[in-house]
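One structure is given below, represented as structure tokens, and several questions about it will come after.
Chain IDs A, B and C follow the sequence of writing; residue 1 opens each chain.
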Amino acid sequence: MASVAPSPRFAGSLVLAARQFPRHRAATIGLVCLLLIVLATLLAPLIAPYDPIQIKLSMKLKPPSLEHFLGTDHFGRDVFSRLLYGGRTSLTVGLLVVAFAFLFGVPLGLASGYFGGRIDNVMMRLVDAFLTFPPLLLAVAVVGLLGPELQYVTLALGIVQAPVLARMVRGSTLAVREDVYVTAARALGAGPLRIVLSHLLRNVMSPIVVQLTIVFSAAVIAEASLSFLGFGTQPPEPSWGRDMSEARRFLNDAPWMFLAPTVTIMLCVLSINFLGDGLRDAMDPRAWRTRGTIDPEEA
Amino acid sequence: MWRYLGGRLIQVPVVLLVVSLMTFVITRATPGDPIQIMLGMQTSPEAAAAMRAEFNLDRPLAVQYGLWVGKVVTGDLGRSMRLNDPVTALLAERLPVSLQLALAAMLLALLVSIPLGIAAALWRNTWIDYLCTGYTVMGFAVPNFGLALILIYVFSIKLDWLPITGIGSSEAAAGGWWTYIRPFIVPAIALGTLQTAILTRLLRSSMIEVLSQDYMRTARAKGLLPGTIVFLHALKNAMIPFVTMVAVQFGYMIGVQVTIEYIFAVPGMGSAVLNAVVNRDFPVIQGFTLVIAAFFLFANIVADMLYALLDPRIRY
Amino acid sequence: MSKKFELGGGRSISRRGFAAGALGTGLLLGAGRAPAIAQGKRDLRVGVFGGEFGNLSPVIRFDIQGGLVLYNVFDGLVEIDFAKRSIEPKLALEWSNPDPLTWRIKLREGVKWQKGFGEFTADDVAYCWNFHLESKSFQVGSALFPVDTVKADGKYVVEVKTKQPFGAFPGVTMGYAGSIISAKAHKEMGNQAYSATPVGSGPFQIESKRGTEITLVRNPDYWRPGFPKLDKIVYRAIPDSTTRLQALLKNELDFVTHPDPKDLAALRKDGKFTVNSTPGWEWDYQQFNLKGPANAPYQNKLVRQAISYAIDREAIVNEIYYGEALVTDNQIPAGYMGYRAPLLKYPKNGDLKKAKELMAQAGLKGYEVEVITSDKDWLRKELELVAAMVSQIGITYKIKNMDMGGFNNLWLNQRYEQHLEDITLVAPDPDATSWWFLHSKGATSGYNNPAMDAMLDGARSELDAGKREAMYHKIVDTTLEECPLIYHCNTNNIQVYNKGLTGFSPTPQEYTEKLDTVSWA
């Protein structure tokens, strides 16, 4: 069913979205939280009180104190410093995966959705094939077989996310492809590239942005899972997932070792999710609702 | 409709072919000679050569792939290089366990997500909704192995209510249905939490979507349908995407079980593939990923079929 | 809907559990811990590491967890008495060496194969060893390499001709390759089926095997009267060591191997479980690829010695193994011919001053090198610790953790620079500690020193024990001086089991855990 609502220009919709955004409290908190985390990890060399890889056996397994804000681990390293530096690895992987998914998934989805026909068929079969691959197993296989380097980890996690994004973009593209103004543009002689870029992309942008937040959080968790299984990034660079797995043995004696990265991952993912929610609600006019129980009169 | 089903089914072998080709490429791209890796330091070149010939690893890549596909079509998935058992025998051991775990996790997910999703939709933007959102986002945010460790610590160690290992063991099998199910509980909760989150969110948003549809408003405006019937009608429509998502998630679960299987020593498909990757056991990697992919593919087809059956608007 | 369940012998535990379950949720959940051991319990649940059991046949390569099972299914030709440090007869009663190239083995009579496959005879030994030789199996490389021909001379005598004199024949060939298969069973079942559920002559036979669980039952035809003491053993593969120990604590298992050494102190204090920790015949070591690039800094022997001095071995034992290991700097552990002491040259806490002096002598401020290790997490931690130690003399270890397959690939093809790994010694003979790692033809060796080669080959063929011992002393001294390998410690073999079990004798061999003498008190 083709929508007849006019599509706002993306820039305009950003302004509208920005105005809507603060009404969504959780999203604002999420944004602030995320910014804090990202800032903290970026400024790690300045903020971190200790060297995260310096081993100091005499200080091992100390509980949180004034000296060591989140305590120390089994090698006497400061947990807080490791958290800050570990974030760099995890967030870098997250960002790279998002970039990968965007660069490969969006054009694929757009082309598939716009041109349809055989191109669509072939591309979607390819996407299906990737989607039927168990994601963690694929990551384990790629990293296990090719090596634990950052590029393979990114490749492994990105291969899984790009098809999902492509599928979604294709769906949205199909929905708006028949819009009146698109047909009009075509009638006026605009070529496919122009149509895609100036009309379609704009429309599918908001679900893409939302999906990318999901991709980001999934990538952070997947990286942690890989590190947990022993396939992730290399020591001595700290990594949230690997630190979680090493902290397991000390759960009884030094629970802060486990809780610090776990809670941080949670906060990260929560913030990203709330942010995504807020973005979606802000950019989708139909979702602008007020509080209360279902009252269909209040559209 | 049957034509659509036929069309989808025809695509299955094509997709599986692509999947197996992908797996094949990844495994063959692995640096190093798997035979030497397996036979280790004390073997002779002749023994290595003999094993290589047996597993066709000395033939050109295209030939290897062709031979493998040829065998698969006849139902022969080859033999594990490390364990020497036929891959189909290993599948027969592992698949039921994985299915049972997935089923347990899905049942738990349904038990929680259906009431929670409905409640959140009916009382949206109230504290109930926020609670629900909070819970579901926790489900997304906590990595399942982290959750598993916390659950083990609380339920198996501190409270000592539930066992940690024992899924599929002969002891559990000999002991009656409750002894058999008990080891599944903690891993199923850990595994199913993500699904619970996804399904709750989905049900909530599709309920909201349905309840706000024009025809619902019109019906109510016309005073046609009283409250409960509105609700049931909305639910029935909201269930459509929900049910299909259940099918999709179920198929998907087999693939994501790996970390849970590792922690709880579950003899399922995920840990088999993990071991095979570590040991460069190509036939097992290829055979198992093929089956997991096929499973997911069929789950998707079932989901689409359900969608068509349940939603009268969809006609293929 | 309750299902009718089968009660096997000794299943009282599960019946009680089920009955409690029928009474309500609270009691159901409360029945988490099984009650005390029933009287006269005769089965054992063992948790081993690893994801699944591989081959169980001695004629196809088996791994450590396979060995744990295998050595209860197969009796060997000889047995090691770890206390007396001697090789004792088991299925081979006597052996003699009439001329330097001939060995005659006299077998025990009246030994029966499991499951009715007849009597153990010299034909089985000949068949087994010839099968190894013809299929060029892994044993050919490690234990049967000196063997030229094997034949049966009568029903109970085996005559072996070797290609060169081989003093280590009883320990290595009869020891490591001494698990003999049943010719009849092997021929009838075929190699495949036999590998899955082999037929041996040992105290237990295989009843069933699933991917992660193996069930053994007592061999009714076992030649030794009064053994085994148990009726049934169930082995379960549980990859995670924490899970494995937790399962023991919750009475889901009776016996576990390779627990996390961190938990041992608490277990010992607790007193509910017996903890055995025996220094093992395995070492953690670093190796340099001396066949690698000629201008690599570590090609200089002074640098390698410096590294050895920079290592605080005691800290490794304490931090990584919580004391459950023995510091060592040489390759021959206690119990082997040629053993002198755990530390011969390098002090247990290292000598940082000496290390820096050596680096200065070598004219190096430091260097950067990629060091690989495999997927064992204690080794990965050890490498992190070692990296911190060598950073004090200016050397930066860039750690690369690989999985076993990737590691083996680089290691066996000498495509690494340095690595850190552990190894379990397979045979109770000093040849096994040295030849493979130090001889230029050794597959795992990154070393090429003709003088060393000559010493190793000479020690191999020397038949006089006294002379052999002196030769191994020289080999060790050269190793300590040249440092192609740096040894850190001998890790302990640790077993933790229910206090009600008696009769278990721990051994220094990681893959040997004989359970025939074990019983419930």
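Annotations
By definition in this document, a residue touches a chain if its C-beta (ideal position, glycine included) is under 8 Å from a C-beta of that chain, and two chains touch if they have at least 3 such contacts.
In this text, all values refer to a predicted model and were calculated from it rather than measured experimentally.
Counting C-beta pairs in contact, the pair that comes out ahead of the other among A-B and A-C is A-B. Chain B has the Cα centre that lies closest to the mean of all protein Cα atoms in view.
Averaged C-alpha coordinates give centres for chain B and chain C that are 37 Å from one another. Once the centre of each chain is set as its mean CA position, chain A and chain B turn out to be 22 Å apart. Separating the centre of chain A from that of chain C, both taken as means of CA atoms, is a distance of 45 Å.
Chain C has residues 375, 403, 405-406 in contact with two or more other chains.
Annotation for chain B: residues 30-31, 262, 274, 277-278, 280 touch two or more other chains.
Residue positions of chain A touching 2 or more other chains: 144-145, 147, 248.
Within the complex formed with chain A, the residues of chain B that make contact are 11, 14-15, 18-19, 22-23, 26-27, 29-31, 121-126, 133, 137-138, 140-146, 149, 153, 208, 211-212, 216-217, 220, 252, 254-256, 258-259, 262, 270, 273-274, 277-278, 280, 285, 289, 292-294, 296-297, 300. On the chain C side of its complex with chain B, the touching residues are 2-3, 5-6, 8, 11, 14, 17-18, 21, 28-30, 32-33, 45, 47, 51-55, 60-61, 135-142, 192, 195-196, 208, 210-213, 215, 234, 236-240, 243-244, 246-247, 249-250, 252-253, 375, 403-406, 408-410, 412-413, 426, 436, 443-444. Residue ranges of chain A in contact with chain B, taken from their complex: 26, 125-126, 128-137, 140-142, 144-147, 217, 221, 224-225, 228-229, 241, 244, 248, 251, 258, 262, 265-270, 273-274, 289-294, 296-297, 299.
Contacts from chain C toward chain A in the complex involve residues 242, 260, 262, 315, 319, 375, 377, 380-381, 383-385, 387-388, 399-403, 405-406. Taken in their complex, chain B has these residues touching chain C: 30-34, 36-44, 46-47, 50, 79, 82-85, 90, 93-94, 152, 156-157, 160-166, 168-171, 174-179, 262-265, 267, 271-272, 274-275, 277-280.
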